[in-house]
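In the two complexes below, chain A is the common chain; its partner is chain B in one and chain C in the other.
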Partner chain A sequence: MLKYILRRLLIMLPIILGIIFIVFSILEFTPGDPVSMILGQDATPELIELKREELGLNEPFLKRYVTYVLNVLQGDFGNMYASGNSVGEAIARRLPVTLELSILSILLAVIVGIPLGVLSAVKQYSVIDIFSILFAMILSAMPGFWLGLMLILVFSTKLGWFPSFGVGDGLRSFVLPCITLSASYTAVIVRMTRSCMLEVISQDYVRTARAKGATEGRIIGKHALRNAMMPVLTTVGMYFGALMGGAVIAETVFSLPGLGTLLVSGITAKDTPTVLGCVTVIATSISLINLAVDVAYAYIDPRIKAQYASMGLVKVKAREQR
Partner chain B sequence: MRRKGGSAGNENQFVDIWRRFKRNKAAVVGLVVFMFIVLMALSADLFFNYEEDVIKQNAMERFQGPSAEHLLGTDQYGRDMLARIVYGARMSLLISLSVTVLGTIPGLVIGFVAGYFGGKLDSVLMRICDMFMAIPALLMAITIVAALGPSVTNLIIALSISGVPSTARFTRSMVLRLRGEEFIESARAVGTGDLRIMYKHIFPNIVSLTIVNATLSLGSMILASAGLSFIGLGVQPPTPEWGTMLSNARNYFTDHPALLLLPGAAILITVLSVNLFGDGLRDALDPKMK
Partner chain C sequence: MSERLLEIRDLEVQYLTMGSTVRAVNGLSLVLNKGETLGVVGETGAGKTTLALSIMQLLPKKIGRIAGGSIVFAGQSILDASAREMRSVRGDEIAMIFQDPMTSLNPVMTIGDQVAEMLELHSEGRDKKEISDKVDALLEMVGIPAERKEEYPHQFSGGMRQRVVIAIALACNPTLLIADEPTTALDVTIQAQVLEMMEDLKTRLNTSMLLITHDLGVVAAMCDSVAVMYAGRIIEYGSVDQIFESPLHPYTIGLFNAIPSLEGKTHRLIPIEGLMPNPAELPQGCSFHPRCTKCMEVCRHQSPPDFDEGGHTVACHLFGADKEGA
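Moving on to the complex of A and B:
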């Protein structure tokens, strides 16, 4: 198992280098010169040249890319153009907020989504089924930031229950942002759980369990749920990336000091090191989450664990085929 | 379901699909609502004057409630809300439809080439896709817009690019599955060229799924463009777009909730109708595939 994890971490490395390369090139080959942004309109050509030299912008593209990657591997994300502050420190300060936000949102989505999906499947075509289908449909058609603003309107402005911005209030500050961010995620989980459960419930081994006289709770909890959870888990992992994208918007709505707002401010200031650093860190954490999901598979499904023991890369291949 | 080249059974097939589609009431409602929104967006000029109703500020008429003159009231600059929402629909549909088409075509080509020829080319293309897909689509779009500068064109470019890798992967998997089928093999056996096989034998078999996929992504593109506009990276004011309108209403909505409710409801209804239609289309095209 450990060998498998190590192997996957090794495969991750070129992908992350590729991500940095892509973002590096996007920022490189587009109009807009960061130096004139820093120095303003009326900088003399000599001054601009001096600053370019100082920032190392006169080096060839590939050389700068390699230098950047080597620095990142040592934990150095460079300095912000405008303030000269370390990007790495800013990221380290803000990453916990984004992590807390996204982990709490996933938890919320799972806690609401899975039971609703299971109930909906077990009592197919009942009132609760119709309710949860409608619920999921509306959540997935709703823009997250709009939901956020509505929540602010009702729960901060009118009722004053939760703060509408910042993280000064501990966990309470995260309630509204988490609902906002988890909305579309919940919808996906409800739908996925429902359809997987419906499929599993109609399988022979569930009928066998019934025939043996197992209680309904045991059938659902022990036999059906465990098998239905596999695709749901995949979905949870797959949509984590989308969640991180949504976090940027949720953080903007609630002015949370997280990676998303750092990224947006970096973009507005055309601060390349900030943008690069944020995207790199976010993409890396997504890859790590996907790895964690793959490892979690093995714990849920003993069959896969057996596969790992024999040939380490089966699952990676299986995913590629899809 | 599967058409093995030729176009003999074409008409029948569409009748069949329509018959199955009609049975799904929710999907029909979705289609009707979506058609209504499209018609509304297309005929906007018949009811409103863009310069007069949508752009021109009118300090005397700020924050009005609904009236005969302004059916949905006015916004913070005294502009007619209904007119702005209708023109917002035009913007949203223009962006999301172009993104869906522009994102699908390159994805289709890449997926086709990778899936059909396989080998080294396939590996290289798919590794590149992996890298692109490791960056969330929305984040990718944000980065590209940031680099190009915020404007409608750049928003369309950014969202299109961010949609290419997933379409490529999806197409590739379909092509891979078909490539091994007997009818492709027999076509090759009688000496049909690669291009002809792709165009005549594989493409007709994946076109319906591609259309379904594109329809299903239309809704998320509407949401993404509204989201980007909301954080200031899309359509710039005073051009009306639902996300931009919501962003501009941020300072006023506590006292004037209508400014928040109306554009949001417009997005919700549009995306909901597109999604219902897309789901129905998917089920109608292939009842087995849920």
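Moving on to the complex of A and C:
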């Protein structure tokens, strides 16, 4: 297992280098010039040339890519074109906010979504089932920005329970953004859990468990749930990755200093170092989340664990044969 | 006469599906004595599995329901038992071996845990060590090395999995074992092994068995008596000798004509023409009459009563008092 994890971590390196290369090329070959954006439209050609030299933009494309990668490997993400501030520092300031927001939102979605989905599958067609399907439908139908604004209107402006912007209030300031973000994810998790559970409950081994005289709680908790969790886990991993990519709308509505807004402002200003820095961090965290999901699979399903182990084994055997 | 273990009277089981009622079991009656093996044979769709699930009270919720009749097990009515009482009967007193070993074990639990679960559920107060020893003994009994108990179902072949299923079923020494086509999914050599093992265990533990199968060879080898099922009803019942030596019902005779014989000259097999009637629209009268070669006028209108001759029962108008009425 450890070997598998190490191998996956090694594979991550070329993946991230590839992602940086693609983003670098896109920024390079799309129209728009960062320098004229910094200096404005009235800048003289001499000034522009000077600024280009200063930012190192006159170097060949590939050389700049290599230099950038080498710097990143040393932990240096470069400076923003416009302000000259360190990109690394900006990310370090914003990453905790995004992390906290993502983790709390996904936790909320899981804590609400999975039990509701299980309950609704176990009591199929009951009042609880209808309620939870309805609940999920409403959640997924509400656009994020609208839900955010409504929550602010009720809980900040009217009731004054939670702050409407910023992160100054500790955990309390994350309550409304997390509800906003997790709404649509909760809806998907409820429906996913429900349909997976329904499928598993009709399996033969669940009937075997019943024939053993197991209680309904044990049948659901011990036999069905674990088998139903694989697709749900995949979804949770995907959404967690998406959240790490920044939640621009929630960040904008609640004025949170997260990665999403930094990335978007970088893109509009064609600020290459900012964009690249954000993309690198996001790509790394998504890769790590995927790895975590794959490792979790192995713990849920022994068949997958055997597959991981045999993947290493097959290679060793092939080498021995040579 | 030996002691009665299971007595089913006029059992009616229905499945409620969209707009129609499927009558899977229609007025079925049977008796099983202690220590005996009763074979239930019949085509696919005759209601054999439904019968087994009714005894276990494991009919699919909401769509399956018992519409009438009674099931008495060891002097107690199963249909009146509460869910809690039923849970303690299931596994402990009535155990079931399911048809398909490939799907009836939980893929994410070790086989040792799955056997141990049965023991944990029905014998409180015993410590972990004792349960673990018992699991080892059970696995050895069905021919699986105890050191493989940490392995998962996917690491076993079909025949080995069926042994695990049997070990689970026998864990609590049940008084009644329901085996629903225990060998259908296995190849012939493994079939013989599994059957031999079940026979051996049955005599050792003095378990009664309800063996559901469509394999008449298995019945001849394993059973004391045979019940032939057709469209949810037992149409012929008798000892193995009675049924095999002198089958009475045209359907039973048809079944025997449809299997190849090793003795004598090989002639063409004679299949029973047609298909099992749709249980949602059973024909009037005797439900076998559309396929029966000896169909008479009375068969189309009147359901035949059971005719008893020395413990050999048959439900057919060809026999008994109705003969003259034809």
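Methods note: the second predicted complex is superposed on the first by the 304 of 322 C-alpha atoms of A that agree within 3 Å, B and C clash if a C-alpha of one lies under 4 Å from a C-alpha of the other, contacts with A are read in each partner's own complex, and residues count from 1 in each chain.
Keep in mind that, in the parts below, a contact is a pair of C-beta atoms (placed from the backbone, for glycine too) under 8 Å apart; a residue touches a chain by one contact, two chains touch by 3 or more.
Since the structure is predicted, the reported quantities are computational estimates derived from the model, not experimental observations.
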item	value
Partner chain(s) touched by A:223 [first = chain B, second = chain C, both, neither]	second
Which of chain B and chain C A:9 touches, first, second, both or neither	neither
Dominant toucher of chain A (residue count), chain B or chain C	B
Partner chain(s) touched by A:292 [first = chain B, second = chain C, both, neither]	neither
Touching partner for A:207 - first (chain B), second (chain C), both, neither	second
Chain B versus chain C as contact partner of A:130, first or second or both or neither	neither
Touching partner for A:70 - first (chain B), second (chain C), both, neither	neither
Touched partner set for A:111, first chain B, second chain C, both or neither	neither
Chain A partner contacts - residues on chain B that touch it in the complex	126-128, 130-139, 142-144, 146-149, 173, 176, 219, 223, 226-227, 230-233, 243, 246, 250, 253-254, 257, 260-261, 263-264, 267-268, 271-272, 275-276, 290
Residues of chain C defined as touching chain A within the complex	56, 58, 62, 86-92, 95-96, 98, 100, 103-110, 117-118, 121-122, 152, 154-155, 165, 168
For the chain A and chain B complex, residues of the former touching the latter	14-16, 18-19, 21-23, 26-27, 30-32, 137-138, 140-146, 149-150, 153, 157, 195, 241-242, 244-246, 248-249, 252, 263-264, 267-268, 270, 275, 279, 282-283, 286-287, 320-322
Of all residues in chain A, those that touch chain C in their complex	125, 203-205, 207-215, 222-223, 226-227, 300-303, 306
